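Take a look at the structure set out below.
Note that the chains are named A, B and C in the order they appear, and that numbering of residues resets to 1 at the start of each chain.
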């Protein structure tokens, strides 16, 4: 499936190895299936490929697929073609993710620091860290085991990046303490001054921004996203939260665990967001709000008030999803009734 | 017109050369006009300058202009002052663009690779390529004739940039095959992982992103725009499409030929866009949509459904432009009627 | 308050020094208060700390604070606890900003140019300028006294940066003349081509962008913001204007003095904005508009018409704030009346 110019395939893997990776039970397996050389969509897969079925839209493709193996929910087992080995799990997309990670592991790099990189003498960089050309590591910075600091990335003085971290090309990080397995994509900006001014008729006076950015474990931050450091309190991103490209996180914002923040969202200063919150693309949140855990905020919403846990909202100004949809419908009727 | 500190003027050009460049016919030309030393707006131009008239708002400025020559539609010829030579064409703004390109060609650079640049030993870089300070070219990357890779730009392993390409300062490109004459402005991010996770109550699992970004000929991509690579299928940008600054293009998006995508637009995963589509600033499109060729999407629209070819839509959620404008008007009347 | 890993505290300061810094009068001062070693919020401060009270929400914290000194309005003096020295001023937040700036001055850097930086032979760089690793300064560029050009920042040919400027990591600037004390945060893109094309059915032709970006004194520009150069006229940002992260400023835009532009705003080409205008987050302005001085534009507004000076607008399309709020309320009533 993947272009070998860019992606190196590992494997092959046996049925048993795949079952282990996917956390699945083997079923309906013809004795001689495998080894498997790659992942492949149902429609393109052959006897040496492993595929998956998660979305019911693809059941027909499943029934007619030539895949040698498929990761699938137990209730779909009886619709499989006879030649197919099955890997049964209640979470086939998760299973696929782990199998695909095994076929396409992160590329290994050699560890020599290029001449054009610049590492401060008192930085604490683990031996296994890969530092690419043009990267800069500041004074007393700490870079954990297995990190990769990509080309032209900039790690500021004192910054801590936990083990297994990745900082993409041209990204810059200052005033930040990040946990383990944090992925920071290309061009991300973390830790610069927040937008803090004492406004006045003679001009606006800069207020020193004395906090930090604290990032939990397993956080991913998309390309060209910006996260400002706190004013005194810290800006915080909780464990497992995934942030897409071009998102703005202002000073003192707290985001909880396992949130999903889609592209071009903006969160204003000091707003606090619970766990497992979903923020749709281009949504905007004003400052000093509380967004309860499990809330879902539709794309392009304009959130100006606190949101109760578990609530779904939409519209600008944002309101409960059902109310918003009613308003949209009412406005449509208003126009059609008038025969305009 | 242009500050010589930043822009070097070429020329001078004769009437005949200008006519050739503009694809225009000479008319009303006093025998001794020219040579011409620069382009200039109608109101500022003198006898040695060439100007243009495209927008009818400027007819008065045309009638009283001192320009030695003007690129103009044939039907305006009889409103020209007697001293002015005319370059007649039905597309005067295109003519002006070509004349201005001739007066202000891309600056030439010397080709020595600076010491702080870093080019992989097995990269295939054409002799005429200019590589500026701090730029990095990855393994087996291919850079075509006449490309310029600007300061601190990063070209990843295996990436192909066709002839005449430009990659601006600090931009980074990976997992990408780009055609000829592609312009990538400063800080653009192409080819990083898409936002793909298997969501779950125990956290979200990263799904390997195994595709590429395929870019056609004559594409322009604005500063700090982000284009993620596909999940397995590719992300694709068609020939001649122009993308403005700070735009987000998610994984698997297909954009057709000669589209215009204005600043801060966001296009979600797997949406397919036809040819000659116009996307206004800050418009957002959800995933898995089909947008027909020739569609026009107003600024700030929130597109949640497929759009028929040639349709103009506005509003959030987006609807046919006429319906949206009626709704806006109906809401205004509702408030004014109530005497609130 | 601030983590010494990232922030170095200066001081201590006496009451008299603090009064001087804050432009305040000393009152109610127990003779032996001070010296003061840090700024601290009211709730956390002890006898050696200076705090401030600006927002009336914190009056209770003020009354019970252990702070040794507090910057506060004269009318609050009689509510202070007896142990507290007072620094009386009508603008306590400004006073705090100046005191905090004194406690946390910009870190000093040594001036040696690192080997991986690249400064053109004919660039005019003042002796006191700090140039960090990987930074690139172009031909005939001029960098004023006391500037800091951070890691991997790129200053293009001919660019002028006035005294006391800061250009953050990975930022790039071309075709620009900037005044004194301009702060450009990480990843900012200034001076690239505007989005100018002669559109047509056979494709879109690039129009040379022959202008510059002119930036006044005391301007601040947030991370990953983009400011395109003019088409012939210049793009201009007035003295004291503060621009947040991920903002788009198109070609030929003129922004006046002391404006505040919040994150993710987009301003289209040739729009002119007066002085002291406030643009809320994610607001979008179409091109060729006039926005009067003192106008306030709410977050997510879609501005499609000129705005009178001093007016407040909201909504998309934007209208006077009062009208917009009435429409929002009318739509709510429409739905609730119908018992839907």
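Operating definition for what follows: a residue touches a chain if its C-beta (ideal position, glycine included) is under 8 Å from a C-beta of that chain, and two chains touch if they have at least 3 such contacts.
The structure displayed is predicted, hence computed values, not measured ones.
**Q** If every chain is a node and each touching pair gets an edge, what shape is that graph: line, ring, star, complete or other?
**A** Its topology is that of a complete graph.
**Q** Shared interface numbers for chain B and chain C above half of all numbers used, same, or below, different?
**A** different
**Q** Take the average of all CA coordinates in chain B, do the same for chain C, and state the distance between these two points in whole angstrom.
**A** The separation of the two C-alpha centroids amounts to 29 Å.
**Q** Residues touching two or more other chains, restricted to chain C: which are they?
**A** 116, 134, 152, 170, 187, 224, 246, 264, 282, 316, 331, 334
**Q** For chain C, which residues count as touching chain A in their complex?
**A** Touching chain A from chain C are residues 1-3, 5-7, 39, 41, 91, 93-94, 96-98, 100-101, 103-104, 114, 116, 132-134, 150-152, 168-170, 183, 185-187, 218, 220, 222-224, 239-240, 242, 244-246, 258, 260, 262-264, 276, 281-282, 299-300, 316, 328, 331-332, 334-335, 338, 340.
**Q** Would you tell me which residues of chain C are touching chain B in their complex?
**A** 116, 118, 134, 136, 140, 152, 154, 156-158, 170-172, 174-175, 187, 189, 192-193, 195, 197-201, 203-208, 210-212, 224, 226, 228, 232, 246, 248, 250, 264, 266, 268, 282, 284, 286, 302, 316-317, 319, 323, 326-327, 330-331, 334
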